[in-house]
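Since the structure comes first, as structure tokens, the remarks are kept for the end.
The first chain written gets the first letter, and so on, giving A, B, C and D; residue counts start at 1 in each chain.
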């Protein structure tokens, strides 16, 4: 399959959630793919427009039950199913399919860590070994060769993009990393939960999952890999009244004589030429609204007035770079297409 | 200039407002245009990223003062300047330029009506005569031949798209049209006004410009043209806490034996094949969030339980179909390009 | 029971919903009542703070199941239960209790109308006859003597307060009343429904229940009573992204030579001295945010530019004057207390 | 002046801003005060209802220019004027007046620090010495005797309430305090600034004033006082789309063998009996929406999964406990009234 092929057949398992809808939105602009399969259990038999009216005008297959899905008529599968059920579904897919999994099921390499945080033994340990953890910019070569990519979580993407290069460079103290993150509500998905009601979320903010959020071990896995030794971080997510966006404010202690300017320089070099990551001038800070709807990441570095410390702020759209956009980026890499294909829409502001 | 030309040079006068930014967002995806000029008086000499950080990564010319603008190096001008100042600016442009004006300056054909509603005599009456009022679907052939298109207002676009065909068909009583419209805040522009502050707008709604909004005569002009006799309407806009979107709820009395189903049928036929207008099944109603960021218009028709009446609801994104998207659509028509060029992005939800 | 009694024992059935919480918020400021009973089935056995943390600091009884509720230890019952189940609960209450019912169960006097709109025969027709429909300002004397008050719906309160006096005065055409209403999300209650999620509601607006909302017959009942003959109205509600507030824009045709100024005058006279209803100067329009959190109603009258028509805009906080505030106002009237007791908090803006 | 006096005459200088309006909202419920003076330069000669329609029904004096204000007819002055101009105004007030100043002018005891952060020498250094910095719970006895209280900033109130007792107890490392704060937009005041527009703030979040916000030295002053030696902190504020509320997430390193439970215990003891401060059970976190509109502070302590660290989250309504509510609380203390007078309204949710 190459960039010249104009008919990569794509299946989306779990098309009735927000990441499913976002995949459709992005792939509708993709010149080399064709959506040939959409599953959605509760809405099986219905057109996508019944579930997502904004997509109703597109020419798309009717939703099917997952057990009726003709997956072998696909070349690539995006799996946007809930955590836990995904691993068995993917284990059952034909071997020749390329798969990008947006769930958490294949993100943690360590099976014990998985069991500890998800409360049960992994059901597809062999696949877990094979899966490539795909923050594209940090794992490009592996992604290109992968058959199964574990698409990273939204918070972990926002946190690791700035922190991994700094840990690799030895410029920050890996034992003193605090990540205060703020997310929009779409990260909670489309499930009808009291805590996600407009009335419960608007006009307010609160922390949740403090010291217990499942994205913590995912971030730690990435930083541990970069450091070459076990790392723990403070990760404190907050829920705030906006649809899209994650802002991650990382508080770090400088190491080995590095300055905030050095950190900024390391990141600027690391991401020079990357189409989706932009490092701001030293002292400038990014806003989530400036990446809304796009696959962009913005990173700002500011010197702390506490000497020997710096503040690193990164922003993404959680549904795009934090989910479906990165999934398309990974698919592009896996199929030999330019990574920016279908992802070149500018952010939408206001 | 034809579709084969890949270098339509575009100038945007007034690039530091929201419609200017939205033109840039859309044109960044346009394969046949190149932005060669951006003006912005207060920000002259600065890159667009200083004014709109979300566009800072694009390769664009630095902002210039309008008096320094090399307009003769452009093929098409989008004019996104404030009402009143625009007419003289456009009058001063070289004759060979195609112009899409997003201000209100050339929308009202009748010079007396203009003077009455805008408080001064028109400064370029000859141009006013030449200008084509460009709701693309309703004036396509004229737009194609036009040199100067007056891009319609946001409310008038939302109101006229459903009502003009029904007036033409004689299916509604033209003396009993009530238009209750609800708009997001971006319609007020980027000017720093107390009334547009977050704290003054969020968590509330109010009507404004009741019986005195300048979009009333614009709507009436369109309906008058369709009816062949003078029409007045009730037009009552409301400001509500969202960035983008207009929902127009029109209350109409049926005429000549028509039913709500007949109205729906008239609209469905009129807009069959139109890429940007979709008429919903009878009884279904549209939501602004289902057109967000797109050039789409959705129209729903519902039978009133008052006999002999119907309710017609239409939605657009005020910055796209209500401003910059329709402007690009008009430019495409004026330059012989497919109208959908650069406008095929699906709506963004949530 | 008189104003001198400082220990009216109050029970709230259904305290885990928003109107229940709002009753507690208001009654916490009431010098002559004591909350002695709170029921909440799913949260039975828990303190109110588990359900509504913002009320956790108050000294309140633990939530009980409704079947365990010691209602005979109460003097007044507020019933904030779902429609349909309420009528049997109230039928089972001891006869000496005064009851304010916030559900729709006792609002419609006509049992056929009830059956038509609610899909089943009424289960307590005798009580239905006894119940007083309590827009306090419009039914004060009956409320004072009532044992059971049907607390009006939020939309009907906002619509009837301005329209009933005008219908009574014969100043508007009763066959041409259009009510375009906009509501915040708390009107949908606290049930976990997809349509009430933050992501589904924020940044958008849509109409719902067009020509089929159950508040239509309730409004019609009030206007029919005022007119002395059967009236139908257009009632079109819209859901918009705010927590609290209803804005009702009524489009009316003037009758019997009345002008908009006459309408305004009729309302100003009718509500002179009323502590909770304020009629604005002719041409001024109200905003929901100016009544937020209060029991206030603001009414504005504007002359339409269509001759012979006027626009009447009214605003309330749907949880206060549209539900719990009016319920407390009714209780005050029923127990001989000044109506403003516990309701004198100014609106909260911003 | 004692609690028995029912006519404390209150003047509000700067009544046309949000803190001024909030003072009016709260004092309208105060049984022992009477507002006898309101100033507002741009709106001089107008009733308050022209500036704040939600307060238009109250019986209040017309706004006057500050130079025309009859301050000697007041007993207490609330000064809600902009920073910088306040010091001279207060210096010019008669000596017998009690003054609560809501600006930053008298908050910093150290004149050099003031000059460094505010860019000019202090104009009333003698008053600066006299002023009592009034977080009521932390300075009650001094406030009671004060003639001039410097009402604390919103962020400093939220940060110091939990941190001062912990620093005093020696339970946290004073050299490693990181305060990540999130604020609603009303903190920016009512000035018409582009950055406060609905369109610029909604649907997003960004940090601002990183390492340079003027509330940093104010927080440091309080912690320095508690520690007995110079302290610096990281203070990183973020602006988010809500009207009211501040959430402060403090990341601290435990000291002297203390555990997170010990911290929680210290705070619970320190604030036992305080009507406006509530310490949640260990591990529970507060939400800003649960204090909205009230003078409450909620504090939660959570053990970090990083050993030896804890997370302390506090919330206030920035306009109430962070401004006008605490000002009234201070006035109550200064005049011998119960501190809760006029401040007993429960929070408003949703």
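The definition used in the following text is that contacts are C-beta pairs under 8 Å (C-beta built on N, C-alpha and C of every residue); 3 or more make two chains touch, one makes a residue touch a chain.
Note that the structure is a prediction, hence the values are computed from the model and not measured.
The chains in contact with chain A and with chain D alike are B, C. Comparing mean CA positions across the assembly, the chain most remote from chain D is B. If each chain is reduced to the centroid of its CA atoms, chain A and chain B end up 36 Å from each other. If you average the CA atoms of chain A and of chain C, the two centres end up 45 Å from each other. For the pair chain B and chain C, the distance between mean C-alpha positions equals 39 Å. Those residues of chain B in touch with two or more other chains are numbered 18, 186, 199-200, 202-203, 241-244, 286-287, 289-290, 292, 350. The part of chain D that touches chain B in the complex is made up of residues 18, 185-186, 190, 192-194, 196-203, 241-243. Residues 178, 180, 182, 184, 199-200, 202-208, 210-212, 216, 232-234, 236, 238, 240-245, 247, 249, 251, 285-290, 292, 302-306, 309, 311, 313, 315, 350 of chain C are the ones that touch chain B when the two sit in their complex. By the touch criterion stated above, chain A contacts chain B in their complex at residues 18, 21, 24-25, 28-29, 52-58, 186, 202-203, 243-244, 278, 286-287, 289-294, 296, 344-350.
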